[in-house]
Structure formats: structure tokens, C-alpha cells
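Structures follow.
In the two assemblies presented below, chain A is common to both, partnered first by chain B and then by chain C.
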Partner chain A sequence: MSMAQTMDIRRVDQLPVGKLGIWLFLLMDGLSFATILIGAAYLRANGALWPRAGTVLNVPLTAVNTVVLFLSSFTMMLALQAVRADDQRGFKKNLFLTLALGALFLGIQAYEYTHFIVGGEHLKTALAAAGFEGQHFFRPGSSIYAACFYGATGFHGLHVFAGLIFMIYIIALALRGRWSAAHHGRVEVLTLYWHFVDLMWMFVFTVVYLL
Partner chain B sequence: MSHQQQSFWTKYIFSTDHKTIGKQYLFFGLFFLLWGGLQAMVIRWQQIYIGVEVPLVGKLIWPDSGGILTPDIYNQLITMHGTIMLFWAITPLLTGAFGNFVVPLQIGARDMAFPVLNMLSFWVFFLSGGVLLGSHFLKTGPSASGWTAYPPLSTPVGGIPGWGQTMWILSLVLMGVAVILGAINFVTTVIRLRAPGMGFFKMPLTVWGFWLSSILNAVFVPIIAAGLIFLLLDNVLGTQFFIAGSKATVKGGDPLLYQHVFWLFGHPEVYILILPVWGIVSDLLATFSRKPAFGYKATVVSMCTVTALSGLVWGHHMYVTGMSPLLGKSFMFLTLLISIPTSIFFLNWIGTMWKGSLRFDVPMLFTMSIVFVFGLGGLTGLYLATVTSDMYLHDSMFLVGHFHYTLAASVFMASFAGIYFWFPKMFGRLMDPLLGKIHFWVSFLCLNYVFFNMIVVGYAGQHRRLFDPAVYDFIKPLMPLNKMISMFAFALGLVQLLFFFNFFRSLFRGKKADRNPWKAATLEWTLDHPIPHGNFQGEVVVKTGPHEYSHPDFKGRDWIAQTEELPKQ
Partner chain C sequence: MSLTKTYVAIVISLLVLTALELTIYPRVELGSARNAVLLTAMAIKALLVVLVYMNLKNEPLTLKISFFILIPVAAYFLLFMLYDAKYIWHS
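And now, the complex of A and B:
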């Protein structure tokens, strides 16, 4: 069922139910992120070995990745502005750009994961310098630090992935000319979600990579 | 959505109509109630006939042990009984069935705010129940770490073999997703879809209860979901978030973190389950006392206060974990603070009944019994909330008795009150009152015997979850009492069959109900059965409060529907 059909059974005052719903969802999702990050801080305070920033995790690469995600938020905003102005061409272009940037973000993250899971001499040296002597890999079970890294970035990555699926659905309908200035409720929902995922990355990046 | 031409599948199975979804939840919840209840019977059997084959079903279910419960099977049973009753019986019966069926009707809405999400929520819930049931068929059995799933028991180092724990976590995560979707729906529906004139302080207290409960769901289920994901990673990816001590291979994991996260959700969870009960009790007492609810606004404010406080008290589950005495005292203070708002609406309940024209229909009997059993549950809670007495009573049968008084007794009595009360609105027929009264009196007497004596044996020192209580000399003198508890528990179980008989018989053969058999004033009773998809024809305008009973200037009948004007002064 579409948004328009949901609207039929809405109360007379025509308030955007969908927006209220997605805000509630984001609030709830934010609490999940908060639990994970506060949990990581708790374990760190509990005595988990927590190396100095940048000794194991690749901060420059991830900083680039952060910029990629920020850019995707920007293009998402341009897409929303375009559909509000009924500029179908600009709308689709920016949606595709957002999709590509989101996929690039996940790609870079997958590259980082692979590097850690496959291991190698370079990683071994870095781990030894960080205090994990004799470890060849940086896998979920390797340390609490690693567990928190995979837990937090994995949870965030799943959100990006879900956002991309949602975006493909929006694009598929956009190609059929479904969205217009008068009718784009779900595009707004996607935009809010996407900005939220971006915002959460700021916290994940700060807590896991920088602190 | 077109409300006509529907196939069988869209009308009864994948329906987006909140009323159909409510009924689906009802049958789903009743099935699990029966399942969890049978498990309770087997647990009580084990308490008195240790090492004796379980009659009827024993050999069928546990052929390997010849129908005799082993300690492992016993642990699986207590785990599954708790988990199923809390999450797959109470939750669908209250929030699922009554929440879905009643809330949109009572606020004058045509459906929930997100009907498709509502359907999705039910089917995710269904799937979660399937995963949990599926875990019973594993060769190694379902989870056996207790319904709280404390690490390290619930992790690979805990010694419980197989996939039972993982499936337990997965099913709970799925259930959490369903509950989160439902919470979004309820909160939005109540905020946005109230009929014109239905101000917040004209809402029936039932709606308040479900709404506040959904807000708690929205805040605390995401927290336990995150905690469960960590527990899942510990189980499948080899992380050690919650593992410490000699079994840990990396430094820094902490099982206490799990307990904090679990109870940060777990304590609000009991309010999630009980808030709808408070609402239903407040409304039904007014209806069957033919009086406006006493202190309506005070009840609302008290319920909101409990909602706000519920997230600040989780530490009272953890006094014995070596918590700092200062922290323990703070948690104790905050917990005891909850008894103030609770006492306020408790007094209001008595005020509602005071000098009313009480009608002892079956729903009223159940409702009045809740005032009693919840009172006992609340009072025993004070002993557990106090650090000094909790040190002794913690993890004893006293706790089990307290918990069953508040949740098993209160919530199931409320579920039954709700079923007897709304059955005519759901199915257009009345349930048999005589069978209902027998069901009530036997249930009431038996459950009080069972749960009160659990408190007694707990006070005498019997620990909870004991496979064989009689191995301790000091418990041996309690065994006759334990035996009586089991006998009354069996009677309690048996009489529920009478309820199921009454329920299914009334579905087809019950007396046809008219539009408003209880002469209630709320909006759902202004509609004829069957209520069409979309509920109300034309616009509903609400003019009076939810409990306008026995108005002195209104002649002819003793109730004024919410769509009617109050008489002029």
C-alpha cells in the first residue's frame, strides 16, 4: 500500500503521520546506537586493552570514507530539493549519486574488514605496536577492542545497507515517474533516515576511531 | 484502500484491518498461553515427583530419558516457561490483541496509523514465535539459561550445548522488531488519529495504558535489542563482550554489562506489561460500578509518573552483584518512590467502586480480583526493593511468588477480563457467564493458593529454580506445602481448559450479543457487529468523557455515550 492510500484513512487534520512515524523510529534506533557505544565505553573503562587512536584502525582512509558519507547526505538533500521543485532529472541524478556514494562507503568498509580478517605482516606489526603482541589478525574474537569495532561499525553498516535497499526501491519508482512535488512522502522518509545514518556515523567514528 | 472485494487471504490472513490483526494476536497469544501453561504444569510435577515419569506426554516429548525430567530438561522448561509467558503470551494478548482491537475503536480512528506496518508487525511476531518453537526440536534442546539469559550461562563458555541459545536470541530480536513496529504504530495512532473532540483527557484509561506502554516499548526495546545483538555476537562470532574470568581469552569483557542492559529494559518491561492492565482495570471498574472513574486525572498523572520512573530503577534487580551501597540506596529510594503514584491510582480504584451500583458480571469479577492480587504483588515488591531484605529474599521463591502475583495473576486476570468484556465486540456473541464464573472462582482461589504459598516457602528460604528442592535438609519440611502448591497449580491448569472450551464454544454457539451488552460509554460500543473495515461511517465527534455513568440529570438510562452531549445544567 502506498503513502497516498495511508492518507485516506488519516484523520481530517492531514498531519504527516509518516513523518511522525519515522522520527519515532529514528529516536528508537538512536537508543540502540547509544547502547552499543556506551557499552563500548563501559568495557573500555572496565579494563579492555584500548590502543591509541590510529595504531590499528586506518584513520585517514576512514576519514575519507566519512567525507564520502557526508557527501551522500548532501546529494540526498539535493535530491529532495529537486523533487520538491518537480525537477525529475536532477532528482534522479542526485539519487543515483547518493546510491553510488553509499555503496562506495560500504565498499571501503568491506575493504577495511577484509584487510583485518585476512591479516598479514603489516597488520601484525601494527597490532604489536598497539599492544596486541603475537596477534596475526584483527577479528571479532581477537580482543574487546576488535569486538566493539565490529559491533559498532557492523551495526552502522547494516543501517547503510538497509538504506541502500530502501533507496533502490525509491529509485525504481522514480524511474516510473512516481514521485512529484505534490507526492513524495517516502522520499522525505528516506532523506530523514539517510541523514540519521550519517549522524550516527559521526558518533561511531568518534568513539571507535578517534577517542 | 478499498474496503470491499477482498479474497480470503487479504481478509483473514494478510489483513491490514486492526480488528483482524487483533484477533490474530488473540489466537496466537492463547496458543502460547496454553503452551507456557503446560510447561508450568510439568515444572510443578517435577517439584513433587522428582525422577518420576511425566504422565501422558513425558515419553512422547522426552523419549531419550524415558519421560523423566533431567536437570537439563528442567532448566530448558523454566527458561521456556518464562520466555514464552512474558513475550509470546502476555505481549500478544494485551498489546497485540486488545491494543490492536480496542485502541483505534476507542479513540474513534478508522484504523491504525500504519496498517501495513501493523500487518508486518504481526507476521514478524509470528515468525519469532516459530523460531522459538523451532528451537524445541533441536537435538540439544532449547535455551536453558533462564529467561534472563545471564552470561556466561548464555554464551558458549556456559556449557549449554547446541543452537538453542542462538535461536532464543534470534527469536527475541525478531520479537523486538515486531514490538518496535507496533510501538511506532500505537504512539502515532494515539497522537494523530484521535477523533475530533477526543482530547487526551477524554481518552479511556485503557488507551492511556496502551499508549504509555508503547512509549516504554519505543524507548527500551531498542536498548535490549542492542544488548541481544552483542550476546548473539558472543554466541556466533566468538566475541567476548560478556565473558570474564578464567574462561575469557581477552581482557575487559563483563557479564555485569549484560545485566545492566537487560534490566534497563527488563524493569520497564514489567510496566510495559502492567500499564495496559491498569488502564483496563480503571475503565472496567467504572463501567461495572456505574460511576465515573474516581480521580481520572490523578490516575493518568500517576500512570505517567510510573512510566517516567520505570527507567530509573533497574538496579534493584542487581543489589547482590556487589553494587556500591550508595548506588543501591539510590535505586532503592527511586523504586520505593514508585509506590506513591501506584498507591494513588490504587486508591482511585477503590474510590471508583465506593458506593457504586456494582454489577458482578464475569469481567467485573476478574477486574476486582486484580485489585486484590495486584495489591499483594505490589506489597511484596517493597520487600524486594529494599536492599536489606532483598539480600535475603533475592532469587528465592518469594521473588517467584511476587513476580507471579504482579504478572501472572494480574496480567492474566486482566487478559481474561478483557476477553470476557470485548468478546461480544470481537465476535458478536457473549461467552457463557456460568462457565465464566466457575472459571473465575477456581482460578482465583487456586492462583492465590499457589502464589501466596510460593511467597511463604520463599520466605522460609527455598531458592528458586531448584531441580530437586528436597536435596536441602532445611527445605524438606516445606515439601508437603510444595506438594499442595503443585496440586492447586494442576487445578489452576485444568480450569483453564474450561475457559478454552467456553471460548471456542461461544465463538459458534454463544448467545448473540446486542450492540452494547455491558452498557458501556466508550466509542467501540456505539458500533454494531460486525464492524466494517474502516470502523466508523461518517465523522465521529466526541463530546463527553469516557465514564459518564449514572448522570443525575440524564433520564432513561444510566450511561451517556462519548458521542452524546451531557445534559444542560
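And now, the complex of A and C:
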């Protein structure tokens, strides 16, 4: 019996064991995100220099990135729906779309990081307006604000990266015809994980970029 | 409503709420109302994803409780730490 079949059969409190496992992982992981964001709130309330929203960080670009992530969650749902209906073509198409959108999200984040790490006159002006006079870069060690920004977005970016690796694994097996309406336990696990990544981004985006 | 239509409705709601957030965030003159709107929009978006996309609304009660119990715990820590920060800041 394959692992996927085993996952579909073993149940704890009506839940397939794989699904229960990922839910427990996500609950714990959610607390890790909460720790980072609550820590940032604490440092901010404790007097750390915290510029007004949009002064340093590129909110419009990140809003585009947010839309990209929402769309990837949507295509992930379509992929799950397709595999449940045994529509292999629709499943693979939507999975590839989700992969592309996830990669685009990381690409935009990498672009944003590069802009901050390399620095420049425009960034220097923005930093000066935010109270960080004389700084040319916005790097993790630049300030408490920068550390919180990189801590939250970097931790989230690692989750997106891990999700993409998981997705490539699922796609590789999909190309061999592994998943069907009867056996797709790990696809459900991937779907839950991907929505969790989307969910955590909602918190990071509001708390780090907008508040 | 078919499942696809539900998913489309959710993604549109997420986009509308994000647009609302983007309209509100530069309005610092709104004071604490600005924060309240931003946090409420964030909470609604999170609930939509958890209940519909992650399908928590159809999961066993134990799982629902395990999920929602963490929210007051996180809120307690947040309030406690902010109170502590305020104390240090004023002393």
C-alpha cells in the first residue's frame, strides 16, 4: 500500500492523519509568525524609531505581490477541485499556474530586497524622511525597524520557497499520473499549506507595511 | 452556488478588502479609526481564507476549537507586552 493510500485510510477524529498532521504543524507555525509580529509590536511600542507607513517600504509594489499571492491561492483551489473530479489536465494546468505565481511573488520580493540592500539616492532620501538620516541602505542590521521587516518578510519568504519545492514534488508525481480522485491526500496537504502561506501574508502585509 | 463561484467570490472579496486597506492606510489623520479599519479588514480576509479555502467550517469541532483558541492567547500576549512596553516607555 502506498503512502498516499495509507494517508487516505488512517483517520484520527474523522480527519485523515496527513491532514491532521499539517493542521497541527500550521497551528504551531502560526504561533511562530505571531511571535515575530507581536515582538515587532512590542519594539515599536517601546520607542523604536518606526517610520510612517509607505515612507520607506514600497507599498504599491507589495500590493501587487499581495494580489499575486491571492490569485495563487485561487488557482490552487481550482487544482484541488480538478483532481477531485479526476480532471488531470485541469489539475496540472492550475498547479503550474500556482507555481508560476508563487515564483513571481518570490521574484518581486527579491527585487524589493535588492533595492534595499544595494541602496541609492532615492532610498537615502526616503530613509532621511523617515528619520534615518545618513543611511544609504536598508539592511537587516540597519535599525530595529529593518530587523523586524526582514524578520517577518524573510520568514514568510522561506515558507513560500518551501511551498514551491513541495509543489514541484507534487507536480513531478502528477506528471507520472500519481494523483486521482481517490488518492490525492498529499495534494490536500499542499493546498492547506499554500493557503496558510497566503493567510500569514495578510498579517505580515497589514502589520509590517500598512499600520 | 457552485464551488468555483464561491472561490471566485472569495478572491474578489480579498481584493476589495485589500483595496480598502490601501485607501485607508495613508489617512493618518483618522487616528485610531485607521488602525481599527485596517485590523478589521485583515481579520475578515483571514477568516474568509481559513473558513472557505482551508475549509475549517466543515472540519471536526476539535480542530475548530484548536484553531480559534490560539486567537485569545495571541491577543493576551499582545496586550500584555504592549502594557509592559508602555510601562517601560513611561518610566
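Throughout what follows, the second predicted complex is superposed on the first by the 197 of 211 C-alpha atoms of A that agree within 3 Å, B and C clash if a C-alpha of one lies under 4 Å from a C-alpha of the other, contacts with A are read in each partner's own complex, and residues count from 1 in each chain.
Here is the rule we use: a contact is a pair of C-beta atoms (placed from the backbone, for glycine too) under 8 Å apart; a residue touches a chain by one contact, two chains touch by 3 or more.
Just so we're clear, the structure is a prediction, and the values are computed from it rather than from any experiment.
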item	value
First (chain B), second (chain C), both or neither touched by A:100	neither
Chain B versus chain C as contact partner of A:52, first or second or both or neither	second
A:66 touches, of chain B and chain C: first, second, both or neither?	second
Touching partner for A:129 - first (chain B), second (chain C), both, neither	neither
Touched partner set for A:203, first chain B, second chain C, both or neither	second
Which of chain B and chain C A:211 touches, first, second, both or neither	second
Partner chain in contact with A:168 - chain B first, chain C second, else both or neither	neither
Contacts of A:42 with chain B and chain C, given as first, second, both or neither	both
Which of chain B and chain C A:27 touches, first, second, both or neither	both
Common interface residues of chain A - those touching chain B in one complex and chain C in the other	15, 20, 27, 30-31, 42, 46-47
List of chain A residues in touch with chain B within their complex	1, 5-6, 8-12, 15, 17-18, 20-21, 24-25, 27-33, 35-36, 39, 42-44, 46-49, 139-144, 146-147, 150-151, 155
Chain A-touching residues of chain B, taken from the complex the two chains share	1, 16, 109-111, 113-117, 180, 183-185, 187-188, 191-196, 218-223, 225-227, 229-230, 233, 237-241, 249-254, 257, 260-261, 534, 539
Complex contact set, residues of chain C against chain A	3-4, 7-8, 10-11, 14-15, 18, 21-22, 25-26, 28, 35, 38-39, 41-42, 45-46, 49-50, 53-54, 59-60, 62-63, 66-67, 70, 74, 77-78, 81-82, 84-86, 88-89
Contacting residues of chain A [partner chain C, same complex]	13-15, 20, 23, 27, 30-31, 34, 38, 41-42, 45-47, 52-54, 59, 63, 66-67, 70-71, 73-74, 77-78, 81, 192, 195-196, 198-199, 202-203, 206-207, 209-211
